[in-house]
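Below: a set of structures, written as structure tokens.
In the two complexes below, subunit A is the common chain; its partner is subunit B in one and subunit C in the other.
Up next is the complex of A and B:
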């Protein structure tokens, strides 16, 4: 485990080396939160109500902040892994005394944490000014637990997409479609609570809701029963997607041809 | 002028031939992008199903705005693909190649690359317009004009922002922020924004010229709207060319060995 901790620390320090760049890259969230606020402020006014499907404007904005933080802060592992497969540099990683997947997980986490932290701080300050104070601090730990589970689910899917480079030339289309499925079925742009009931049922039976909606919803309105549902759902999907990832990786290793030079 | 047009046509033909060398990748990226755009648009279908009108803006308006933005974005990528990484080219000293040839530098560098997935964006825009329920042959003609002018404004904005690399020595961060800013503002209803924001959307981040204004033109012909679009396109293009050439006077060769194919 020490080696993975070392990889994590190196990537964490690397991300923090140029703080100005970290801040500049994270500033995008200010644009998105501002637009979301304009949209939802007018929508709530047009609906003639302070509460829509048990969410207030303030709840909706903090929900969207956490969702956006998760989306913008997750590592773009699919592209990293697919480049390593296509250009053969995966060979340098495979002959090292560590597990390739755990290496990618540690490295991705080291990159993600500072970015997500900065996104949340910048976006949070803006949302506080526009919509009101954040949810009670009591909510934060359970949301963090769900956030960790969501990050791991994202990691599994991104790694699977990256490893599809063993079979296909270009993984970008899979990445785009996955992102859009998270937008829609994960409730990234619109909370699932605003969806028609039939679509909510479909969305909540798929892993995307546990990647986005679950942690964001728990952040604004924690509920012990809902928390249990989310954690159990995340564990189930982690078992499925994690198992698939290990299987795809071992099959990919058998197909891998590395040309010397 | 005719000579430059012949030069552009040759460049485009060569770029297309190069892209079609990897036919499967070209078509898979194009189809993937169409699916990506279609899935993304589902968010608006869900939103307007729940909230039918936002200050007079409805789903049919979103079909047209989305269509224009997608096709304009796609056309820029197809014809002037290097507009997306001009900043990088400047910073890495790769303008040397273009400066040594007897062709207008900016035109040459912009038109030297095609982004394969852009074909999907370009096509999707037309699909979106056909699906809007407001299709007509006259409207199609106006749609084509609108896309051409929206593309011009988008291109000019990208050149303007990335020309900052001549002075700041860095390109990548601002490029992605600029693209995100203009595209995000373009595809959200303009009725969300107050007067101050609208001034910004016309004069600073010209998203209004990429979304709302051309959409209004497509819905119904008006000399004033056409005049406004032409003025916006001419104004931003002129400014972009002036700023690029002002920056070019400061450019220093990187003296790196480079191969352009």
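Up next is the complex of A and C:
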């Protein structure tokens, strides 16, 4: 495990090399949260109610903050792997004595954590000022557990898309589709609670809800039953997607063609 | 046990073929056409442990593909290979503990961080004790003369300095075999010499086998005892470097530039004039140093006018390969020369 911890650390170090860049890039969340606030403020006013489907404006904003933090802070692994295949640098990653997937996991975590932290701090300060204080402190560890599961699910899907570069090289279209599915069926733009029941049922039977809606919803309204559902769902999807990832990697290695000979 | 045993190794790639233009692009969407490239064609050779073997050939000859198969990154399409007793593509991770690699065109050091950070990371990856990693870094830093460079972010190093750090990084875990893919590409003469000297010293000190690919015949002369030349994925020549030098690397090329125009019919005794520049300020000559000593040519050249620039080089590998084909008519008779 020491080697993966070292990979995590060096990525963390690398992410913190340019603090100004980290802050500037993370500051884009301010714009997104401001737009969300304007949209949802008007929606709540138009509905003439402080609560829609059990969520207040404050809940909605903190929900969206967590979802945006995850979306903007997760590593862009699909792009990273496809670039590594395109420029041939994957050769160096494959000839070291470690598990390639665990290397990417540790590396992605090291890259992601500072960004997610900065996004949450900046966006959180803004949401607090606009919509009110954050959810109760007891909600935080519950949301963190679900957030970790969601991050791992994102990792699996992203790595699967990245590994498709072994066969097709250009993975941007797959990444685009995946991102839009997370936006809509993951509840990133609109919490799933605001969808019609039939669409909620479809969304909750797919992995995307466990990648975004689950942790964000638990952050604002933790509930033991819902927490159990989310964690079990995440474990199930992690088993499916993780298994698929291992299979695709071992098959993909046989097909790999590294550019430049 | 040989460090490397390769028998009848082949690797084919399938790539999409598309004619130029928008129409062809649209057609290829519906009826894609593929072409098969045979990068390696029935390669067989052996390398003893501790041997310094040059594996050379022009661009696209199949050198890098072979190295990548030998490190386990690529699966071959056919044939067998064993590296230090491991089948590379089946035992990639186990093999990785015993080999070091440098792919000259691609950096393995973290670009924004000082090289020392990557070296410490590699120490952890190769499961070395921290104290051992530190000791080894100091040792390598001395041989490669990189002590003062280790704490500078890699992006601020020159290519030559970076390559010294890259090669040092590949030796950190005391590999038994070093696979170097074009380690001197893009380097100036001084930087090349620096790396060659350090590599020679390390190989001698630690009995590391070195398989070196290059399309620079100078690397070969400086480092290797034996050479394999491949072209179009096949071995066209294998013998001692000394034999190769005697047979094919027996001429030097000199390019000279003068401050004033050279006269018509310019000739230096014992040399062959290959080309005179259009404006008549420069000339390219070839000579055999065994017949005409280098010193004699230099004296004659400087006596002929005011020298502005002078470059002496070996004939390009393409010429050597052409000479090999010419001499042997086909690859097979040359292969019968044995391994030397």
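We adopt the following convention: the second predicted complex is superposed on the first by the 255 of 261 C-alpha atoms of A that agree within 3 Å, B and C clash if a C-alpha of one lies under 4 Å from a C-alpha of the other, contacts with A are read in each partner's own complex, and residues count from 1 in each chain.
The rule is short, and it goes like this: a residue touches a chain if its C-beta (ideal position, glycine included) is under 8 Å from a C-beta of that chain, and two chains touch if they have at least 3 such contacts.
Keep in mind that this is a model prediction, so the values were computed, not measured.
Looking at the shared chain after the overlay, A:88 reaches subunit C, while subunit B stays out of its contact range. In the superposition on chain A, no contact is made by A:140 with either subunit B or subunit C.
When the shared chain is aligned, no partner comes close enough to touch A:227: not subunit B, not subunit C.
When the two complexes are overlaid on their common chain A, residue A:46 makes contact with subunit B while staying clear of subunit C. In the superposed model, A:249 makes contact with neither subunit B nor subunit C.
In the overlay built on the shared chain, the residue A:14 is in contact with subunit C alone; subunit B does not reach it. Residue overlap on subunit A between its contacts with subunit B in one complex and with subunit C in the other: absent.
Note for the complex: subunit B touches subunit A at residues 22, 24-25, 28-29, 31-33, 35-36, 39-40, 42-43, 46-47, 49-51, 53-55, 117, 173, 176-177, 180-181, 184-185, 188-189, 191-193, 197.
Chain contact summary for the complex, subunit C toward subunit A: residues 13, 39, 60, 62-65, 68, 71-75, 89, 92-94, 96-97, 99, 101, 103, 105-108, 110, 112-113, 117-118, 120-122, 124-127. Those residues of subunit A lying in contact with subunit B across their complex are 21, 24-25, 27-28, 31-32, 35, 38-39, 42-43, 46-47, 168-170, 172-174, 176-177, 179-181, 183-184, 189-190, 194-196, 199. Against subunit C, the residues of subunit A that register as touching in their complex are 2-3, 5-7, 10, 13-14, 17-18, 87-92, 94-99, 253-254, 256-258, 260-261.
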